[in-house]
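Letters are used for the chains, namely A, B, C and D, taken in the order the chains are written, and counting of residues starts over at 1 for each.
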Amino acid sequence: MAAAVAAHVHDGDTVVIEGFTHLICFAAGHEIIRQRRRDLTLARLTPDLIYDQMIAAGCAKKLVFSWAGNPGVGSLHAFRRAAEGKGPPLELEEYSHFGMVARFQAGAARLPFWTLRDYAGTDLPRVNAAIRSVTCPYTGETLATVPALNPDVTIVHAQRADAAGNTQIWGLVGVQKEAAFASSRVIVVVEELVDTAVIRADPNRTLIPGIAVSAVVVEPWGAHPSYAQGFYDRDNDFYVRWEGISRDPARLEAYLEEFVYGVPDRAAYLARHPGLTGRLRARTQVCAGVNYGF
Amino acid sequence: MATVAARELRDGEVVFVGIGLPNLACNLARATHAPNLVLIYESGAVGAVPERLPVSIGDPALVTGSLMVCGMADVFQCFLQNGRIEVGFLGGAQVDRWGNINTTVIGDYAHPKVRLPGSGGATEIAAHARRTLVMAKLDPRAFPEQVDFLTSPGHRCRGVPRRELGLPGAGPVKVITDKAVLEADPRSGELMLTAVYPGVTPDEVRAGVGWPLMARTTLLGVAPPDGRDLRLLREVLDPKKLFLK
Amino acid sequence: MAAAVAAHVHDGDTVVIEGFTHLICFAAGHEIIRQRRRDLTLARLTPDLIYDQMIAAGCAKKLVFSWAGNPGVGSLHAFRRAAEGKGPPLELEEYSHFGMVARFQAGAARLPFWTLRDYAGTDLPRVNAAIRSVTCPYTGETLATVPALNPDVTIVHAQRADAAGNTQIWGLVGVQKEAAFASSRVIVVVEELVDTAVIRADPNRTLIPGIAVSAVVVEPWGAHPSYAQGFYDRDNDFYVRWEGISRDPARLEAYLEEFVYGVPDRAAYLARHPGLTGRLRARTQVCAGVNYGF
Amino acid sequence: MATVAARELRDGEVVFVGIGLPNLACNLARATHAPNLVLIYESGAVGAVPERLPVSIGDPALVTGSLMVCGMADVFQCFLQNGRIEVGFLGGAQVDRWGNINTTVIGDYAHPKVRLPGSGGATEIAAHARRTLVMAKLDPRAFPEQVDFLTSPGHRCRGVPRRELGLPGAGPVKVITDKAVLEADPRSGELMLTAVYPGVTPDEVRAGVGWPLMARTTLLGVAPPDGRDLRLLREVLDPKKLFLK
């Protein structure tokens, strides 16, 4: 992980760590904090706890997002302090989920913009000049547009990939495919490195092809406190605790000291969470395979 | 509130579900009069049958045993923008006289008093769901004459009637509060009081609304949840009282 | 099948039987011929043998397509006779594959058009006025557009679905998802009707949700001479024989008499192909399942 | 021709493969100097390792054991338009002086002498592949001065230079025929003779081309396939001689 981040994440980059609730790569975010990257433009639909931590750690110059809360709990307080002028300044560029998804789709298709039926009557275009419109060459109607988002680097956490980066994900897939294809560089972080034969046995499961991947990192439990379907459950208790931690800058700093700066890697992070793996390890519910014969 | 919302759902309908009370309402409806309700979560889970109360909209329990998991591009393009969502749930810090919703900022956008999470999928749900149900607790600050920021369009946006905005959906047909139900006046689109909970007076409702709230001439009474509903909510659906207060 | 076609396919409809080489529903095409539907607008990327047969049978008023050949063999001669003025007239609307895919994407998203970087320098826009352009509201560059395609009815062949129409496909998936979502009505034809529990056991395999499906028809071998991955191989010998059959209108007519008009349904069609199932049945190569537990 | 084309492929390249000779060329390259070639078929099979010679571009043998199967929307948007395809193969009934290709009609579009299949994916491959290789047998009717219908853009389209058309790819870098190899003049984009097969004279090549074909001053010789290549082609890759004539 350290080598992949050092090689592919640079100061000033636009960085995307995607994953909608599922497969959010906290391990990569923590390594970026440890390597003290600066002036990053952080983009993802839901900044979640990981971007709140990166904002608190001073990595971020700008945030591009569509929903900045602690899902089911409350606020991201480092983000709120910045947005409410009570913390270090943070530039904000804001869309709706559909708008962010559309930006990644345009990026993946290497088109300069994407068209959607959205934003009529809302104040969003008033505060974001990048939300524009286009006239349909057939019906003459006006439709909304968003610009392509092409990150410098996208980090995708996945259940498994082979050494070449052919990546398989099941459960919620969010916008990981679009973000990966939109990005100049892609780091895939997996729970399990598998032989190419495992990938080739079920090619319809492959979401991201190796030709789009710059580096593969094997990091079991790398998504905690987010989850990995079939591997471990979401650590909802920690999401609840984050409310109190992030509300108090001193406690947040102490958290980063203990669990990010204070550990060299993910293994050490896990060692500081006794009982974690036992508490969250997924039970087994394996589906049947399908026949690829002919 | 969950019970009142559940009654609004017809069996077999396709519902775009949010977390919290909407999720409780949908699962209550599924457990009672609407077993064939199709629950779609913006995370990509279609036909979810959560075996535990999902704490987040992307809970793994929404995936396991669902009918389909698709990417979010499909959720927004092929389901929502396609017009396949019959009911969408919305909530927010502010709901105004025209059913517009604010989930972005309290105060000025550049220098907010309170920074809220933002739109998420609410903007497009408000635009595309065939009809939306809004859930919010009465409070004059939560029901201002006009939202500070218009995140999700209601029936009249900054003076422009919804029909002139080319929004496919009908907008918020009902606003379900903790004391009463408000509905949009068919002509003006302004929210009016149409039904009250048992023992609630119109003045108590008006005290929780920041504009002179009109009322329908004959107010309906909202029946309280029956024993079965209460048992389901308290013992099965939300035993830990995560969302039931 | 007879009931589904009678209920959902009407004279004058725009009909799509999709499937790129894989899962082309010949059984539905034959039933449409038997029910003598007329003035249909037939749309698909590759008309293939099935539309050649429907053109010869007089079902089609118009063809919307991007590649009208017999894959790996040669021509579709009923189509060629019509296009070369040697047969009954047939209106043609022609795109490239990308253009047709984009038309289905726009239809599925219920947008009036789709944007693509294509057609510069070619003669296609000269002969198809529906290929137009739009100016990017960000870069000012000109990009090509195609109009949405929203069929009256789309017929999708699949390996399996439940009674509600929740449909799972593996192997080549072509544009079936987009065509189904773009369509007013959808008929799903399956090799195997399965319990909903089978679908729910592996939800990431579901390509088309039941809420988009109007009718489910169980028709084993319904895609022959096309194929169904994991069920039966492509009947390449028949594709080769079609060259000779379709070249001679009399032989083509005789073929339709014997194998379409001359049989009431797919079972009878199969009965007229002794040894077929033994020759083409797929060997077993089942992949492993994945863990959906949490 | 398959051997000559195979030599154009570098190990590890991402190739958009057509059926017939291009497929033979790719699999020959995979079996010899380019084991890590990534074969992508427009049908959606990525990293295919066909255990039998695919008769069609959607052959099930392209799926079984491939690295990825994706929808065609992804093939054209995320792979081709995205710029991830390094080499694309094209062929056609007509190839003209500027490397433009016609696979649509011979004669007038409205009243064609011969109706050909049409573009398929050729139009976008010609636009987006970083470079394309054209394979066609020499014949004055197959190599006219100008194509009857311009399906796939070459280096100069109806008088407009490729660079002015904003096409991302470099276009046809080589035209591989049964007697010689033609390449585009770097300045004008006009095809010129650059290499001949053993025993072939420039005049024989000119006899198969419908315009005054220019030749590079020093012509290269094309080495014949060696024994291993011939054995692979005839005994392993196309034993039934489906595509080898």
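Keep this in mind: a residue touches a chain if its C-beta (ideal position, glycine included) is under 8 Å from a C-beta of that chain, and two chains touch if they have at least 3 such contacts.
This one's a predicted model, so the numbers in the text were calculated from it and none came from an experiment.
Set against one another, A-B and B-C show the most C-beta pairs in contact at A-B.
The mean-CA centres of subunit C and subunit D are about 28 angstrom from one another, to the nearest whole unit. Centre-to-centre spacing of subunit B and subunit C amounts to 40 Å, using the average Cα coordinate of each chain. With centres defined as mean CA coordinates, subunit D is found 57 Å away from subunit B. Contact with two or more other chains is made by residues 45, 60, 63-64, 69-70, 77, 81 of subunit B. Counting only residues that touch two or more partner chains, subunit C has 110-111, 116-117, 141, 170-171, 173, 177, 201, 204, 227, 229, 233-234, 282, 285, 292-294. Pairwise, the chains that make contact are A-B, A-C, A-D, B-C, C-D. Here subunit C touches subunit A in the complex through residues 110-113, 115-117, 130, 132-139, 141, 143, 145, 147, 159, 170-171, 173, 198, 201-202, 204-205, 227, 229-234, 282-294, going by the rule given at the top. Taken in their complex, subunit B has these residues touching subunit A: 19-20, 42-45, 55-60, 63-64, 69-73, 76-77, 80-81, 100, 104, 109, 111-124, 127-128, 149-153, 157-158, 160, 162, 165-168, 242. Those residues of subunit A lying in contact with subunit B across their complex are 20-22, 45-46, 65-69, 71-72, 75, 79-80, 83-85, 94-98, 101-102, 104-105, 116-124, 127, 141, 170-175, 177-178, 227, 229, 233-234, 236, 239, 282, 285. Taken in their complex, subunit D has these residues touching subunit A: 14, 38, 45-47, 49, 60-61, 63-70, 74, 77-78, 81-84.
Across the complex, subunit A meets subunit D through its residues 108-111, 166, 177-178, 181, 196, 199-201, 203-204, 206, 209-212, 292-294.
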